[in-house]
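A, B and C are the chain letters, set down in written order, and residue numbers restart from 1 in every chain.
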Amino acid sequence: MGLILKYNFRNLFVRRVSTLMTLAGVAMVVAVFLVLMALAQGILSIGESTGDPLQVIVLQKGTNAETSSGISDAAADQAENVTLLPRDTQGPIVSRDLFVVIMLPRPDGGAPANLVVRGVTGRAFDIRPEVKVDGGKRPQGSDIVVARPLAKRFAHLNVGDKVHFGKRDWNVIAHFDADGQAWESEIWADLPEIQADAHRGSTVSSLYVRLSRPEDLATLNAELEKSSETKGLKATTVREYFAGQTGTAGMLKVVGSVITFLLSLGAGLGAMNTMYAAIGNRSREIGTLRALGFGRRTILVSFLFESSLIGLAGGVLGCLIALPVNGLQTGTMNWVSFTETAFSFRITPGMLLIGLAIGGFVGAVGGFLPALAAARRPILDSLRAH
Amino acid sequence: MLRLIWKNAWRSKRRTVLTVLSVAVSLFLLCTMLCYLSSGDTQLENAGASMRVVTRHQTSLTFFLPEAYTQKIANVPHVTTVQGCVWWGGQVEGKEMSLFMSTIAADLEPTEAMWDDYKFEPGVIDKMRGEVRGAVIARRLLARCQEQCGDSWQIGKTVTIKSPIFKHTIDLVLLGTCEGPDESILIFRRDYLEKVRDNPGQIGYFWARVDKAENIPGVCRDVDALFANSENETKTETEKAFMQSFMSMMGNIQDLVRNIGLAIVMMILMVAANTMAMVARERTTEHAVMRCLGFTRGRIAMLFVSESVLISLLGAVVGVGGAILLWRPGKFDLGGMAPFFQMTPGTTLIGLLVALGVGLVAGAAPAIAAARRSVVDGLRRVD
Amino acid sequence: MSDVLVEVAEVTKDYRRDKQSIRVLEALSLTIPRGDFLALMGPSGSGKTTLLNLIAGIDQPTAGRITVDGKVITGLGEGALAKWRSRTTGFIFQLYNLIPVLTAYENVELPLLLTNLSRSERRQHVMQALDIVGLTDREKHFPRQLSGGQEQRVSIARAIVVDPLLLLADEPTGDLDAKSAEEVLTLLQRLNREFKKTIVMVTHDPKAAARATRILHLEKGQLVENAA
């Protein structure tokens, strides 16, 4: 069989132009597929990477987003009293966050977009060790820290800039990274300043805590239920909370699959043309192989192999075309908070494998009918053709 | 001459059919994606013609403005009508991601004057005056809700709607339908929302109608000047700018769609060029014979390119034609997210031009090669 | 072991062309003894190539029966027939039909892929076959780098590499110049005499036919026997 496959392989180089064009067509399909899936994966990975099983967010009951949640000072104080929460010398390790949506212009003067300002205390950084601010700086007074990806997407968010939102100018003192977690779409400011600026009194949107064991979540909810102050609060894992906000990804996957399917059809028909021409030109060779005693199945398999190889090579090229988008920053609307979420295209090894498989599959499907025709043609007809 | 081109094109029926189908499928996809782009453009265009401006809190839409602003804005010169609105969002339990709707709490009285580009079912506003939970729903949204949620969505029935922004749920009595540019809206009375929230006097954003188009910039300026340095500063902009900022938040989807479109065009080109290269190879001898018969190089090249254009245009007829048949106005709107998802004359033209371009390019390279080859060479190349 | 290798019994072959049926062979019978070098001659359309193809098992008769080495090959299924061909026959084509993308060595090796021989055993067989046709120095050449005569000799090597009972040659010299044709015919003669190969050769060239031990004439699907 090895020699027969070598035969098919070498023939790919004989019809170089045809092979290349077919291959490039398949590459387009695979590239489009990968880019769309990388986009969906990028959105999904915010949900997947944000928080860990131990991180918990406490929201007002009945809301499913920080946007609409309000927790009074008294309720927050009471919640902090729950004994199972971890403490250090300064008391319970609980981050009180205020979630405010603001609108900022684009750097290129394009239409402005919404983004999140999170009012935080020092505790926010204790709960989220993944947030690393350049120089270890902390927001205070009018000084704010900004997620690095935002600097490119909005105007006036470079370090040293003054940016106006709410009722005054704020100083951007540092950028921060957060391992691709949801915080990478946010501006972090001093909690009391934001509360005052947005007229929220001493209300916060959410409490973030880190439990010592996953089982503590149920206990925490039971404890919250006991007090009249905290009865209206509910804790869920941070992971679950953010996973619920990545609905766009599902839609993208559906759209991406439909587009890929249609494109595959187009490329498959093109591959079919190429393979029909290939078997047409090599009719006598096929007849000879048959006369030598090679069976129909061998011919079928060998031509399927040939077209799959074109498809697979197209898949490889498609992967190479798509790979540079990996890590590319972009943004999309979070349909829950109507704010822009910054994220990067993410290509996973699994996606590359699927891309290669699609390439090979398109080749195989396109090659099937021609290969079948080659195998079924009577030997004499094959030998007589020119 | 045309007969010869036509006959040549069908010499290898299978190859031509495969090529035509391949081009057709890809062009169909391209047109579909262009429909999405043009939907956004049409929305903006419609908004551009609007005489309405929006006033929102300067920080962002999530900050409320006081109800007292209604009268103050109405007093600004050239403003004819003002309507206070609150964005509710609108979600149906269990269909949070799949059912998209714009549920808006609005002052009832200015509705008809403000939204003159919408057709309200006769008497529906009257009925709403008599029912505090009354609501008017876009006809297409109603149909979509019926599809997804069943018969509980009927005119006269009461439906329960959640919000991604507020923790409350509201029960609305569907009193009638309306038709207009936005086919995803569900409008209910703002006083009902205040009752539910028990927090009166808060307005999300104001719509204000301006008497003449040339007064729009002035009104925007005047309204914002009115509230400058107050507790709640405002930002007033045209309907088009308002819509653009929403589109801007959708991210670079438009760019992405354009790039994918480009990839599709490349793919069509590959398939078509491959076919024409095969044809050229097969006809090498024949072209030489035709040259012997006195055909000029140019004429043979012309014949060949015409054949290529013919094949890709046939693909366009099937692909673009399919898109025209399938994406008729009102047939499909991406679940309400692309209200003008339809084949416009512009999109049709682009589809045909792409096919024409592909045909020309795909035919040109082999044609030039064929024209350059000497007669003797061509005759010798018998394989 | 009977000394008759091929027995063609009452074989009729019809071809359908459009809606007309054309009778190419009419109740033809023929026996070929082992060690024979038979030349089939006749004008075009006489059915000589058809007869050759039937004996080679790449075509099936409309009626009648063909037996080779005691095995009835008529009515065998595709797979069985392919297997039989790979073991029993070696075919030599007018246009050589070498695979352009494979080297001389690889072309000769092809039929061995259908056997269970190991790589080194295959190498031994291929080199032996190339040695018989005198082309061991050309093993790495591709067909386009060879002359017509050399190509035909590679094709003969390919035909004999499995050591078949029966060699079938369809106009083996039809596309060659006189000198190459001489070489090829000498080679075939040697295969017949030295290696005791039974050969059936279709030709319209009397000079080629003269090298055979027996000549049969076909006309309109009927045999006209002449002693050589």
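The criterion applied here is as follows: contacts are C-beta pairs under 8 Å (C-beta built on N, C-alpha and C of every residue); 3 or more make two chains touch, one makes a residue touch a chain.
Everything quoted here is computed from the prediction, not taken from an experiment.
Asks: Which of line, ring, star, complete or other matches the graph of chains that touch?
Replies: The chain contacts form an open line.
Asks: Mind having a look at which chain is the central one, using mean CA positions?
Replies: Central chain is A.
Asks: When all chain pairs are ranked by how many C-beta pairs they have in contact, which pair ranks first?
Replies: Top of the contact-pair ranking: A-B.
Asks: Averaging over Cα atoms per chain, report the distance between chain A and chain B in Å.
Replies: Chain centroid spacing, chain A to chain B, equals 25 Å.
Asks: Report, in whole Å, the distance between the mean C-alpha point of chain A and the mean C-alpha point of chain C.
Replies: 64
Asks: For chain B and chain C, let me know how many angstrom lie between their CA-based centres, rounded off.
Replies: 69
Asks: Inside the complex, what are the residues of chain C that reach chain A?
Replies: It is residues 53, 56, 58-59, 78-79, 82-87, 89, 91, 93, 95, 97, 99-102, 106, 109-111, 113-114, 158 of chain C that touch chain A.
Asks: For the complex, which residues does chain A have touching chain C?
Replies: Listed in rising order, the residues are 1-4, 6-7, 10-11, 13-14, 284-285, 287-296, 379-380, 383.
Asks: Show which residues of chain B lie in contact with chain A when the two form their complex.
Replies: Its residues touching chain A are 14-15, 18-19, 21-23, 25-26, 28-29, 33, 59-63, 96-97, 163-168, 233, 235, 241, 244-245, 247-253, 256, 259-260, 263-264, 266-268, 270-271, 273-275, 277-278, 383.
Asks: Would you mind writing out the residues of chain A in touch with chain B in their complex?
Replies: Against chain B, the touching part of chain A is residues 17-18, 21-22, 24-25, 28-29, 31-32, 35-36, 39, 60-65, 67-69, 100-103, 106, 110-114, 165-167, 198, 247, 250-251, 259, 262-263, 265-270, 272-274, 276-277, 330-333, 335-340, 386.
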